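Dropping a structure here in structure tokens format, bear with me for questions.
Naming follows writing order (A, B, C, D, E, F, G and H), and every chain is counted from residue 1.
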Amino acid sequence: MAKKLMKGAEAMGEAAIQAGCRLFFGYPITPQNEIPEYMSARLPQVGGTFVQAESEVAASNMIYGAAGAGERVLTSSSSPGISLMMEGLSYIAGSELPVVVINIMRAGPGLGGILPAQGDYFQATKGGGHGDYRCLVLAPWSVQEAADLVQDAFDLADYYRNPVLILGDGLIGQMMEPVEFKADRRPCKPLAPKTWASTGWKGDRPRAIINSLFLDPEALERHNQKLAAKYAAMERDEKRVAEVGTDGQYEVLVVAYGTVARVVYTALDDLRQAGVRAAMVRPVSLFPFPYEAVRRAAEKAKAVLVAELSTGQMIEDVRLAVEGRVPVHFIGRQGGMLLTPEDIAARVRELAAGEGSHA
Amino acid sequence: MAQHDVVIAGFGGQGVLLVGKMLAYAGMRENKEVSWFPSYGPEMRGGTCNCTVVISDRPVGSPVVQHPSAIIVLNLPSLDKFEPLLRSGGLLCVNTSLIHRQPRRDDVRVVAVPANDIAIELHNPRGANMVALGAYVGSTGAVSERVLEEVIQETFAGKPGLVEANLQAFRRGVAIGRGESTQEVTA
Amino acid sequence: MPQIVIDAEGCKGCELCVHACPQNILAMGTNLNSKGYFYARMVEPMRCIGCRLCCITCPDVAITMRVSGTMYHYFAY
Amino acid sequence: MPETLVFGKPTALTEVPTHYCPGCTHGVIHRLVAEVLDELDLTRRTVGIAPVGCSVLAYNYFATDFHEASHGRAPAVATGIKRARPDLIVFSYQGDGDLASIGLSEVLHCANRGEKVTVIFVNNAIYGMTGGQMAPTTMPGQVATTCPLGRDVEQAGYPIRIAELISTLRTPAFVARASVHSPLHAVHAKEMIRRAFRCQKEGRCFSLVEVLSTCPTNWGIPPAESLTWLEQHMLPYYPLGVFKTPEGPDRAPLPLFGGA
Amino acid sequence: MPETLVFGKPTALTEVPTHYCPGCTHGVIHRLVAEVLDELDLTRRTVGIAPVGCSVLAYNYFATDFHEASHGRAPAVATGIKRARPDLIVFSYQGDGDLASIGLSEVLHCANRGEKVTVIFVNNAIYGMTGGQMAPTTMPGQVATTCPLGRDVEQAGYPIRIAELISTLRTPAFVARASVHSPLHAVHAKEMIRRAFRCQKEGRCFSLVEVLSTCPTNWGIPPAESLTWLEQHMLPYYPLGVFKTPEGPDRAPLPLFGGA
Amino acid sequence: MAKKLMKGAEAMGEAAIQAGCRLFFGYPITPQNEIPEYMSARLPQVGGTFVQAESEVAASNMIYGAAGAGERVLTSSSSPGISLMMEGLSYIAGSELPVVVINIMRAGPGLGGILPAQGDYFQATKGGGHGDYRCLVLAPWSVQEAADLVQDAFDLADYYRNPVLILGDGLIGQMMEPVEFKADRRPCKPLAPKTWASTGWKGDRPRAIINSLFLDPEALERHNQKLAAKYAAMERDEKRVAEVGTDGQYEVLVVAYGTVARVVYTALDDLRQAGVRAAMVRPVSLFPFPYEAVRRAAEKAKAVLVAELSTGQMIEDVRLAVEGRVPVHFIGRQGGMLLTPEDIAARVRELAAGEGSHA
Amino acid sequence: MPQIVIDAEGCKGCELCVHACPQNILAMGTNLNSKGYFYARMVEPMRCIGCRLCCITCPDVAITMRVSGTMYHYFAY
Amino acid sequence: MAQHDVVIAGFGGQGVLLVGKMLAYAGMRENKEVSWFPSYGPEMRGGTCNCTVVISDRPVGSPVVQHPSAIIVLNLPSLDKFEPLLRSGGLLCVNTSLIHRQPRRDDVRVVAVPANDIAIELHNPRGANMVALGAYVGSTGAVSERVLEEVIQETFAGKPGLVEANLQAFRRGVAIGRGESTQEVTA
């Protein structure tokens, strides 16, 4: 298919449809209204169903129902709405259902603002809901990658029977870029038929019980350990990371995800022209976090700089990766303010010169 | 130039997002790498609103640009906000119909466009954005005028009456941008 | 005598008052205010009957009314 | 002489004994639903949804596919299932804490969107599973663990009547209230449940049956007396009958006094 | 000659110009509420609650203490404030997405508990702030960004009538619907708002006034025509008037057919 | 006052009342129903108000309202209910309101089980809601400490204008122990009058606007930085930690919080008698986490063992504290199963003997 | 002839059937089942009219009914 | 002994939590350190349910005990579950009214109490828990009988009719616990 100029939000909606998703349940919230709006127009054209849920709480339970019935299903929201889905997501993870959830993050806490931010990293990666569960979390940096990751997300969700969260950082939802959908795309995982789904029991298989309740603590413990084993498998097999310049020599390693990495990319360009040596690791999967890749790249640097649109969240994972071997510094903006290439370049320069250890 | 980046700013309802998109479409048609990024307040109408368009020969890094090479400002708050950020030597398109103060920068190129006045004159009062876009394109050549005219035709294909009106508005702007027709910045 | 004052800067040009006025004595002006709106103006102040329907209608409380001299009895609302 | 089974377990129930307290009428309502599913030949294409509440384990008792739902959200889960698979018969089974308190929004919106599902709403005027707290349906003066002096309408208002509330929405197809405090009432309750599922089978939209039920344990009243308590205290406030039918009139009340 | 100001800004409004679109009647409703607060001498002991919606910035416009609430939860916030400080006059100001969609449970429970607060419910049949999505109150056939072909009652059901719904609860004291599409209707709306606040002032419980309002921008209809649209399309489905008074009858509908 | 045998849940309720809390809004959920039940009986006796909220979502917004009006207010719940409060808590933190929230954790994810667990550590400490915010988190290990911490929580909440979370691990709510309330208790922080509260504006102070909305990103960024500074002050001043045997010699350091630490305590006793040298650090404040104390104590050991009723959450903070200097091991049970002194002792023995590095 | 069978292990001893029976021919027994309940039993099987009210009443489907010989007409329910 | 720890287990509704609490109260009255910890399923009635009581001279460490020094089991599932966990040399109080199998452990002391039968005999059918508690106290001396009788008096102070009935049930249990009156475990 030819390239089209699309908003990130719309491209993600189209990607879901291309991935065979025929069901969307969601509630409007800026800055991602273009996703439900796109779906409300497109889904009926492909025989699918769009339902405007009465709330995000309801939406998270509608996708639970639809996924339990064996269908691919999407919801999307932005930070406050995602917070309302925490109980629902915990149920979905506990019941091992495949769903895809898009969070186009805006600035918080509370009502905050509607401009881009990355303050929901902890919520997404550590599990904002209760109990021991994890979402697989993917963070795109361009409209094209957003579309690609949404498609992969459906495969990953089905393969692991686990929620997959697309963590867009607010820029990605609103930004327009050219995007291309490949007609001959193959699933990124081998997919088994959903024999566990609730489709009416005719006695030809065990009854389908979609459930996260285990009254027997030993059974619940086994279930917890089964989930933990699944998350360990993700940590082994699903790490995704992009690196820029880590094969060469550099003094400063910058770690950033999402569109912030684009800003870093521009900064690295400028720095290279100015003769300052720096490299970047961009985690694409935030859970599983690419600890190994970050550690390896960090060991070659004399300082690590983490750039986030928050007061510092991913930096904890970077510090867990680096384990004190190299000093880890932070640069961030908040509230919808954006980091600029100039900000990053200045800070990298400082660190390369051995200053800035005050942070 | 390897990269054109422009911020287009005004009130919500002045159509700044739309002309930004049209610019990006035109860039894409010319096989450039493009990005378009909007920023707006909570008001549907009357709030301030802007977008950043990048047109480049290489993959676009940051879609947000702190010091753009051009700004198109349709109202006073936008001039106040973006004038200081404009890159030295950059282009400042200012809508003199609504902005009654002189630009303060002396290290930039100023194109003064009485966009609303021209739009009203053309009986297309909502076409001020097109006039301003024309001025920018005429002045920078960021995209070719022909391609942008094609985009205008496509954009308004559903409302044929608007095609001609907007083409006219755009061309009036281009003429000003090219310096073929200048207007005083009224005080 | 009733005296209608329209705040040009507060007016958003919605035209609702023009339609509300039973005397048809309000109209939209041709000047833009600093927010870019054509604002409403009083055309025939002498014919104003002081009914306050324009005031009640204006969503932006951009119309105020004063009375000089004898007070009318206004309907309470 | 040939022997015929004239009363036994419906096939839509499993052999698993329920965990309900002695005399709790949840068991009766389960059986009525199961009998209807069998009689309408729906059992093999039905998906039920269990609430959080005493009936949380309903999936152990119904011989159909089942979802557990988070507390109060069963109607949203039902929406998800039915929209995904319109060929299935989908019902939720919910208590009054679940449906009338935390889940009020979900059931109203499900009803108002006209989802083609059936809700069985068990109103026992108290929170059973969590040990007897006040429900929105608790009767004035009734003692519960969070209103130890009895429900005070000055502080907590009057009980919510769900059948009445939902029947004033324009969209839903069938809304009724029944009770199981006597065999005769159970027969009527079954008829209401049958009509609700028949609606769904015929492709009509949302149906709901509120069923008055007992909770001897948390009421602190022996089972047989509980039936009497229900009759004396609940029936007068919660009238039985059909509140809305697919063909019936719009039941939204008109203004007492018109305006402007 | 002496000059008297016979129409000006009430003291309960600040001098800040609103961010509402030209012709949006949110501004009228703000003013009516403010005038009532002034007239009943409540301004200095009032706490308002702004919703998430176009009126999210109401705290900039009312010269009283104010809370911003999370989307839909203003009645819960109101409950918290009023229970903490029963001496305060507490009102929430909410749009239809806020109150009738995500916040339906909170407003119904607040009403049903009989919280001594006042809810001003602005029904403009659409989501304004987020750019024109369908609301539960959107009219059949009305186009919105999430129902680009018009609201399809088969998929999304009929519009919810909040005044009707809430008036069928037994507890609340005063429920009415008004409109501001003409000066005459605004006068009536003010009377309804006055009665609601008077209820609260007198220590009675929950009062709610639903006010029909326009959204020229998201309806895509110029302001003056919007008033006509409201009158022609909304009024017939949303009748104006008083639905419930402190003294009035229990308005829960009776069964169409009795049972058992 | 004399000692009374009380359930942890009831002791916490009474503690709140002793701390001057006269408002409770909450929704029933096992295993903490004794808190609302206690409050529904006790509050009217002291002129207070108990409201059974229709849901946890509503409860979190009711406490927002009450706190904004300047009153001390409490809610309590258990894991799934706390997940439903995530949006509300983010608003409360964003609006800088003092509230106290008790989470008596049960096993998850989803509906899970009703037995004790510690699977909500991440949610509590990293912020399960959206945006950059933190709750101050305190974790008691006995009924007496639960009562004491609840009282302190009200002071800390008022002082910082921030939500304080009491993270009870399920045992603490149900367990009965003797408890004493001191009649002459003083606030643990100096407290200023709540001039910011919404109590009706009479023109004698700025208008009280209880709010987390900032449309201007620069203002929101300043707000985020103000919040960050507050959290930094907590990290400086509010760390609480208890240590057992860290002043002596030991080979293994155990880190545990809540009643699990009691189990460890018994195990250490048994180990001492058997001549195995081990010590314990028990974080009492989980945010701020006592990194420094853990690091210092860990450096003296040859191995660190983290014991949790989860698949491992606090272990990340322990690893951030230790930064690779000493190997960090994990022992946990899930699903409502409890660690026993025997389990812990066996593992400590292994580690002391230099085995067990397989974990 | 109707034949009522009460499942002693399934019975929870709630006594509802005893009250439901119009013939007054059911009673609570004096033996405990393995769950600790005194279970119901049929006292005068010959007087049973086969109305099934006990079956309909039992919350635990612990009562089943068979008929041998001529079928009665039962009310549908 | 420095520490008594006992698990009391049965169906919900058999009152195992209550007698556990009474035991803890009695310990507290004797100035011991005590803890009581319950564990139950979701059923209000009929599910299994147990509690652990620790009475100690030193601060109580873990309130949950894997290998208790005594267990009181009122029904078969509880015997099945807790018998293997009982500490060697510990005390097993078994309710032979409802449990018709022999204990399997031979390294523990068994006190067989037909608790329900005695309760029924005393016209106090809900008093089986008191009988079993008596047997435990009589057999271990974990707390003094006198203090526990005081606790019974206080516990049922509101319902005077029950005080005497429960005292009787308790004393019958004590007698069995002391070995003054033994009963065969019926098969």
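Odds and ends about this structure:
By our rule, a contact is a pair of C-beta atoms (placed from the backbone, for glycine too) under 8 Å apart; a residue touches a chain by one contact, two chains touch by 3 or more.
Everything numeric in this text was worked out from a predicted model, so none of it was measured.
Looking at subunit B and subunit E, the chains that touch each of them are A, C.
The set of chains in contact with subunit E as well as subunit F comprises A, D. Across G-H and A-B, the chain pair carrying more C-beta contacts is A-B.
Subunit E and subunit G have centres, each the mean of its CA atoms, that are 57 Å apart.
Centre-to-centre separation of subunit E and subunit H, using mean CA positions: 61 Å. Look at where the CA atoms of subunit A average out and do the same for subunit E: the two points lie 38 Å apart.
Multi-chain contact residues, meaning those touching two or more other chains, occur in subunit B at positions 41-42, 46.
Touching two or more other chains at once are residues 20-22, 56-57, 68, 70, 101-102, 104-105, 109, 113, 129, 131, 136, 155-156, 187 of subunit D. Chain contacts: subunit F has residues 30, 51, 54-55, 57, 80, 87, 91, 95, 110-111, 115, 211-213, 215 touching two or more partner chains.
Chain contact summary for the complex, subunit H toward subunit G: residues 11, 14, 46, 75-76, 97-98, 116.
Per the touch definition, subunit H reaches subunit F in the complex via residues 21, 24-25, 28, 33-39, 42, 60-64, 66-67. In the complex of the two chains, the subunit F residues touching subunit H come out as 3, 5, 30, 114-115, 171, 174-178, 259, 262-263, 265-266, 269, 338, 340-342. By the touch criterion stated above, subunit A contacts subunit D in their complex at residues 23, 25, 49, 51, 53-55, 57-59, 61-71, 73, 87-88, 91, 95, 198-203, 207-213, 215. The part of subunit A that touches subunit E in the complex is made up of residues 27-30, 33, 36-37, 40-41, 44, 50-52, 54-56, 80, 110-111.
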